[in-house]
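Look for subunit A in each of the two complexes below; its partner is subunit B in the first and subunit C in the second.
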Partner chain A sequence: MDFQPTLPIPISFISGRYLLFSIDFVTYLRREHNICGVLTGTLPQIPQQNVFLGLPLELMPEEARVLVDKGVACIVDEAKAHQGMQSLLEEDRRKYLRELESQGLHASRIFAERKGQKKAETLKKIAEKKAKGKAQAKPQSEESVNAATATSEPSAANDEPASVVDFFAGDTPTPSTSSKGTSTGTPAAQAFHVTPATSYPPLPDPTTSSELIVFRPDVPSSYPLFAHMHSRGYFLSPGLRFGCQYVAYPGDPLRFHSHFLVVSSEWDQEIDLMDIIIGGRLGTGVKKGFLLGGPRQAKTEDGSEIERTESVRTFSIEWAGM
Partner chain B sequence: MADADEDVIRAPGADTSQIDTDLSDETQDFRLLSHLNLYVPPTLTDTTSTSLPKRGEKDFEPNPTEFQADVLSASRQAMHNALAHPRIHNTKNRVIGIYAPDGPIFPDGYVETPKDVGKGVGVAPDCCIYIPSAKGSVFQGIGQADRWNRLWLLPEEALYMIERGSLDIRWPTSMTGTTEEEEGDLSIPMSLQAAYACMLGRAGLTMERYTVYTGLKRLGYSVFRASGWDDSAKPETPTTGDEPDAYTEPRQRGPGLSGILSCIANWMDDPFSTASPAAGPLVGCGIHRSYGDVYRRMSLIPWYDPTLAPQRDPLDTIAPFRVVFHVYKPSTSVKRSALPSPDFRIAVVNTREQTTIPTLPQLSALLQGTPIDPPTGEKMERLMYMRLRHGYRNVVLAVVDQGVSSFLRIGDAAFGKEKMYDSKNAPRGQKKHGNYKPRKR
Partner chain C sequence: MSLKQEQLPDLELSALTKLIDSASASGNPVDATTIQVLHNLQHQHLWTNLQIHNLAAPDTSNDFPPVRKLLSGIPPNRVYTHPDEQLYMLQKGIREDELRPERLFVIPTAQGQPWSLRRMAFAFDALNDVEVTDDVNELKGPEVDAEKSKVLDEYYEKRTEAIATQEWGSKRMLLAMVDKGMGGDGTVVYYVVQEGEVKPRQN
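This part shows the complex of A and B:
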């Protein structure tokens, strides 16, 4: 039932960053490979806030590297791939435009339906209110009890329109005319126009073309620790605002709080005792452990990080104030 | 706190800055959004909104219960639905922009006159999207109009507009080949992915700058490029041949080290002067009626006065520590033709490229490129710590760590200007007005 993409997944490499635009890939990587990334885009439903963000998803180079090394994903030079727009076949272009049109029609039909439902609900509510008013006019005890039970229902329903933000409100300055169309049951006259999230289609699958696929992502020296934690099932996010390199979550950050503030170090690197104390206090202060770790093996010449990842050791430091 | 959380969700336009915890610090539960989704029938969404999950309602760690698995998959599904929501344009209010890959171009059929040479279309050369007939208020504070009533957008503006679903960008027919005109408009809409591929990296627009730009735009600020946008831009009149990173010793109040030495030399020369500290204590003998005078005579150590620091050209700095955005609060009315002095100046730093905090030369160059902004106002005059915090110049560093941005405000504080012994609120202890106390006998 869950979406299974054909591997490898193309990761867009744009201006030195690793981005994902397809929601199916985002969900898949989160579910199967513990990769969250950071959502950086604006949600078109509620654009004026920063709490919920949308596509694209920005991946750390470490995340991209883990996926590439596992063979789950490959890196696609997106600027180059989009030059393919020039050589698009007439046939493909038509097919694509038709596809978009049908998506738009689908959206406008649902929108019209929803509008009709809402209208029906409102009408029903008004009717109920009227009925209630009549019931109250009769001073009979039995009926007033009935009315009381009846009012409890609409009050629950009353909450709903307040919480439903009609994101088309701004788009339809004359709601009376558009609802007229829906009340008669005819589909909306014109299809909506859709801005697709990805360019595939109309462009051909980039993973099949070898010239679009570029290098293995460059990673910082903290990569072995990242890969080690990731292989143990942790979800890792960038950690600067928590004062560390990565924040490690035991499960999907949607449902779990993080457990560790992760800082990487080289094996022979001298560590200032103060840094350990600072990290330990900081971590304990936010109910997380301070995790210090690094590979025992020095950097190899071929740049492969596999052996180094296997040699990682980690230490967790907690401030045990007495 | 719980109420505040829900308010944020219910009223997306609400000012989130008033909440002391930053909700965007954590991954929020997307189920809160399911009522916004067009494709999920309302019967499937949780309409009994009384049971909205509160912030912090997360589990400690995964356990093998089915309950937990169900909640997680519901959360993921909600996230999927929210993110899968398409960007739809109603026919009536659709705004179409056209991509101009080579920058501003003249309209079709327009013959360039000699007058146009060197002037071009008359908009910023970095613009790459134009809207043939601009209307509507969505584009307030965005874009530049040319002589043909076309609105030209900068890459970040266009990208932000397509991302929030307010703009439908088309590939130019020159790039996709022409189609026979049977239904009129057959240009291909640009996908979000294509827009990113075309705009990012264009004319200095990095992902970090874009992240900061949209983050502020979403909160309602007006954001404009500052002169330091172009990394290679140099000041027009080079200042005294200094290297941009050369640290010019700021002028200091007080005698300074050489001052002290010369003072001492003077005292040596004239050891018999009664005023000479060489012959006696620093403060000198005599009757002292106020601590103020005593402290003043003791203030030998020089201090840094930001108001005396030289004003530098904002371009006399090195990226990333240079101002790239001018930001205005939502309450400030902004007209692009006559921009007032910005409320904030922002420099954008990428943590993966700049791993250290700025050096003193970098920081002073950055600060000296901003105009003096002394602490004024009734509150500032009353509260010394507010004055210290505000400083005499200020700049905001936006530090972006892989898509997560943090904002730091750097103020040029002047501790030397706050004379504790002069201030009304100075701690005086029991000895008011010095040692001398008239006593009644």
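This part shows the complex of A and C:
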């Protein structure tokens, strides 16, 4: 039932941003790897409509790095990958377009089928309602014996809907026949227009070509703390809203309130005590903790973040109320 | 006519200034901050059995000035209860004032004092080596009937267990900060600091 992609998942690297264009990958990463990202896509004609955003999903460099380090994803240089677009054979192009059309047909067929089913269901409901109304009206008009009405009710209910359905039968055939009818009888012009969100196919899968893969996203110095929290099962989202680096949720953000405002610091980096108070007070004010943490190990030349992540220590801060 | 100059009264220093002067002859600012927080805990928050703990110098000399002193004392009321512990207490019908008082540690700091994760970690690590001399009579809870004391014993047992597994949070301290900035009115603010990721209270 749940979509299982072939790993690694390609993360599109476009002008310095990490993007995902496939809804299957987006749901998979959220479900299995606690990565939410931020939906950034809007309508090209009405970009001010930003309440409900859609694909693509933008990932923080930290999220991309965590996925790469876990071997779940790889970073693909999309500009390079799309250079092959011009050299696409005419034949391949046609084949791809035909494929899209057949997908559109399939989609429209399913849509029609659903519509038919829904219609039939609604009619059935209306019929049942009518039958009930009549059955209730009967005993009121004819003062018959209780036993007689009791037996007549179910039979009436059975008879009535059948007659109503018959009445409309010519108009709406049963769902199974309707779907067949539309698919064979209607012209191909009715096929839905499919706009694929990704360009593989027609381009070859980029994860198979090593030259397209860019290794290791560059991450800020707060990455060890991010990776530490992520490894503890927290969902992390950008902290702009609370003036911190990350907001940490103990589960999917749709189900849980967040627990921490996360701020990272280097081991010997000077912290203004006032910042601890500001964070602690704000956190307590919004029922969260202020989490200050960082790696004991200083950043080294070779940039290995794994050891740094293992050396992370964190402190949770709340107002004492005194 | 000549204006007569008024005789000035003999102005005295505040009690706190006198205390700081007398108690920290070294003139060390860390000592002065410690005394000021101690004074605040004792007289504003009515803590008892206050103690000052001198910490050993850190191994590395690049940390200057290090955290040199911790305070500890017994607050009149519980300062912090972990949310899961609170749930347990609610289920068992235990009220906070039925529990025996507990010693809590405090890191004294002053506004503008340089701070870092290393210092915070040093203070928490030092907690393992701090020696406390407690008067047993001071740590007695209020008198309760036999049934209640059985429930409380169960609670204390569960608590020891939960502290070992860090289910109810781990090491915790108060971070006290003295206002030394504009005006420097001597306000002291307190924040609960806990090691690790401890979920917030739902106040």
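In this section, the second predicted complex is superposed on the first by the 227 of 322 C-alpha atoms of A that agree within 3 Å, B and C clash if a C-alpha of one lies under 4 Å from a C-alpha of the other, contacts with A are read in each partner's own complex, and residues count from 1 in each chain.
Everything that follows uses one rule, which is that a residue touches a chain if its C-beta (ideal position, glycine included) is under 8 Å from a C-beta of that chain, and two chains touch if they have at least 3 such contacts.
Note that the coordinates shown come from a computational prediction; the quantities given were computed from them, not determined experimentally.
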**OP:** Look at A:Arg232 in the shared chain and tell me whether it touches subunit B only, subunit C only, both, or neither; answer first, second, both or neither.
**Re:** second
Subject >> Touched partner set for A:Arg241, first subunit B, second subunit C, both or neither >> reply: first
Original post:
So, A:Phe192: does it touch subunit B (first), subunit C (second), both, or neither?
Top reply: first
Original post:
Which chain, subunit B or subunit C, is in touch with more residues of subunit A?
Top reply: B
Original post:
With the two structures laid over each other on chain A, which partner does A:Pro250 touch: subunit B (first), subunit C (second), both, or neither?
Top reply: both
**OP:** Identify the partner contact of A:Ile23: answer first if only subunit B is touched, second if only subunit C is, both if each is, neither if none is.
**Re:** first
**OP:** Could you look at A:Val219 and tell me whether it touches subunit B, subunit C, both or neither (first, second, both, neither)?
**Re:** neither
**OP:** Answer with first, second, both or neither: which of subunit B and subunit C does A:His259 touch in the superposed model?
**Re:** both
Original post:
After superposition on the shared chain, which partner residues are touched by A:Ser12: those of subunit B (first), subunit C (second), both, or neither?
Top reply: first
Subject >> Touching both subunit B and subunit C, residues of subunit A >> reply: 250, 259
Original post:
Tell me, which parts of subunit B touch subunit A in their complex?
Top reply: 8-10, 12-13, 16, 23-30, 32-33, 35-39, 42, 47-50, 56, 58-62, 68, 71-72, 75-76, 79-80, 82-94, 160, 162-166, 168-169, 171, 175-177, 179, 186, 188-194, 196-198, 200-201, 205-207, 211, 214-215, 218-220, 351-352, 399, 401-404, 406
Original post:
Which residues of subunit A touch subunit C in the complex?
Top reply: 229, 232, 234, 248, 250, 259-260, 265-274, 276-277, 280, 283-284, 287-289, 291-294, 296, 313-322
**OP:** Going by the contact rule at the top, pick out the subunit A residues touching subunit B in the complex.
**Re:** 12, 14-17, 19, 21, 23, 26-27, 30-31, 36-56, 58, 60-61, 78-79, 81-82, 85-86, 88, 90, 93-94, 96-97, 100, 103-104, 107-108, 110-111, 114, 117, 156-157, 159-160, 162-165, 167-168, 170-172, 190-199, 202, 220, 237-241, 250-257, 259
Subject >> For the subunit C and subunit A complex, residues of the former touching the latter >> reply: 45, 62-63, 79-80, 109, 111-118, 120-121, 124, 174-175, 177, 189-203
